[in-house]
Amino acid sequence: MPYVNIKVTREGTAPGATATTPEQKRALIKGVSDLLFEVLGKPHASTFVVIDEVDMENWGVGGVTVPEYRAQQAKVER
Amino acid sequence: MPYVNIKVTREGTAPGATATTPEQKRALIKGVSDLLFEVLGKPHASTFVVIDEVDMENWGVGGVTVPEYRAQQAKVER
Amino acid sequence: MPYVNIKVTREGTAPGATATTPEQKRALIKGVSDLLFEVLGKPHASTFVVIDEVDMENWGVGGVTVPEYRAQQAKVER
Amino acid sequence: MPYVNIKVTREGTAPGATATTPEQKRALIKGVSDLLFEVLGKPHASTFVVIDEVDMENWGVGGVTVPEYRAQQAKVER
Amino acid sequence: MPYVNIKVTREGTAPGATATTPEQKRALIKGVSDLLFEVLGKPHASTFVVIDEVDMENWGVGGVTVPEYRAQQAKVER
Amino acid sequence: MPYVNIKVTREGTAPGATATTPEQKRALIKGVSDLLFEVLGKPHASTFVVIDEVDMENWGVGGVTVPEYRAQQAKVER
């Protein structure tokens, strides 16, 4: 009966992508389901996985939005 | 003070619909609010109901996306 | 595939109860599952319902905890 | 490590806006992060804030959708 | 920045356990973090994983609680 | 109608405390409600705030549990 919710920022991490690709979503769903089976013996058929993609300006870290935070981090690293 | 979150796949279940219809949403909101009142005595005015519609490729079951799972199930049934 | 999460304060609403009773939980699970079937045609077997009970001091409304809010409301009504 | 999820209806509350503005989102992210630091000493860099905007017809209160509820309230107040 | 929430029933799936063991929790945390890194390139240090264990009578499927559902399934299979 | 969910690790951050204190919870509830009012004009009476405290071994970051992650960070800093 597991329910797994994956929240990620809506951005491309594959070449040319602007959001999580269908292939990546399938890999996440398979990977999580396999993990729940291997670790807890939970059957795939009773494991729900829901992926939420969140707009970048809707996700905050470091007290600012993700794009601002990454810009700050890049400046620090330079 | 109940907060009820209903997550469903973004698909039509009413004739001609491609997503949950406004009428269906109202029926879900009313039904859940009535239920919380009948079972726990919670006043309607202090019951929040939030409906999230999730893209089909973002919902996994059986280790695959919902469309793939349904195709597998249909094949098994044939 | 619906996933429904019901969050309520941890309190008794049945005579002598200090929390939601097993009977009330069963009624909530059955009621929500029946509702998803009647409104959206979702099979009971693929509807997950999770009930979370939240300590009273962990739930805020009106800028204060639920017990404080109810005390304020009672005073206003007197 | 705090994770804070803010769910609000998708509507404009700033002049001319039809949804939460980027400035309002930044203010919410900063305000919540500052609060977690001041109250619990949680570093900004390890505080996640996620804002979800919910369509008005997907949010229920009083057993009806938010627009219907507000219309009812307005009628009562007249 | 991923946030992953894993909800499972509070039960033992390892010999002699009555709940998810510390070792199983670590395996779930590592497995999910590795998956987000492999599939989306998300650094481990910015991936939050939260495991919620839900009492059996608080989780419904098939319109009944999990224990009742499993008893029904066992009867069907006999 | 905002619903704000604050998830924090179950630990003491006030002297002598082993979990979030009632005073801290009230400060979080008040602070978040004030923020939603100041930024979005949302009335306190229709803002729900729910605080979830998560056991340390149930929260992962850096691919390990929070205690392990903090131990690693402390070693790096030495």
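First chain written, first letter: the chains are A, B, C, D, E and F, and each begins at residue 1.
Keep in mind that, in the parts below, contacts are C-beta pairs under 8 Å (C-beta built on N, C-alpha and C of every residue); 3 or more make two chains touch, one makes a residue touch a chain.
Molecules present, by chain and UniProt name: A, B, C, D, E, F = Tautomerase.
Owing to the predicted nature of the structure, the values given are computational and were not obtained by experimental measurement.
Set against the C-alpha centre of chain D, every other chain centre is closer than that of E.
A repeat of the A-D interface exists among B-C, A-B or D-E; more than half of the contact pairs are identical by residue number at A-B. Under half of the residue numbers at the chain A-chain B interface are used by both copies of the sequence. Annotation: 22 Å between the Cα-based centres of chain E and chain F.
Centroids built from CA atoms put chain F at 18 Å from chain D. Chain C and chain D have CA centres that are 22 Å apart. Touching two or more other chains at once are residues 1, 3, 7, 28, 32, 48, 50, 59, 61 of chain B. Across the assembly, chains come into contact as A-B, A-C, A-D, A-E, B-C, B-D, B-F, C-E, C-F, D-E, D-F, E-F.
Residue ranges on chain F touching chain D, taken from their complex, read 1-9, 13, 20, 24, 27-28, 31-32, 35-36, 38-42, 46, 59, 61, 66.
Note for the complex: chain A touches chain B at residues 22, 25-26, 28-30, 32-34, 44-45, 47-53.
By the touch criterion stated above, chain E contacts chain C in their complex at residues 7, 54, 57-65, 68. Residues of chain F touching chain B in their complex: 1, 3, 48, 50.
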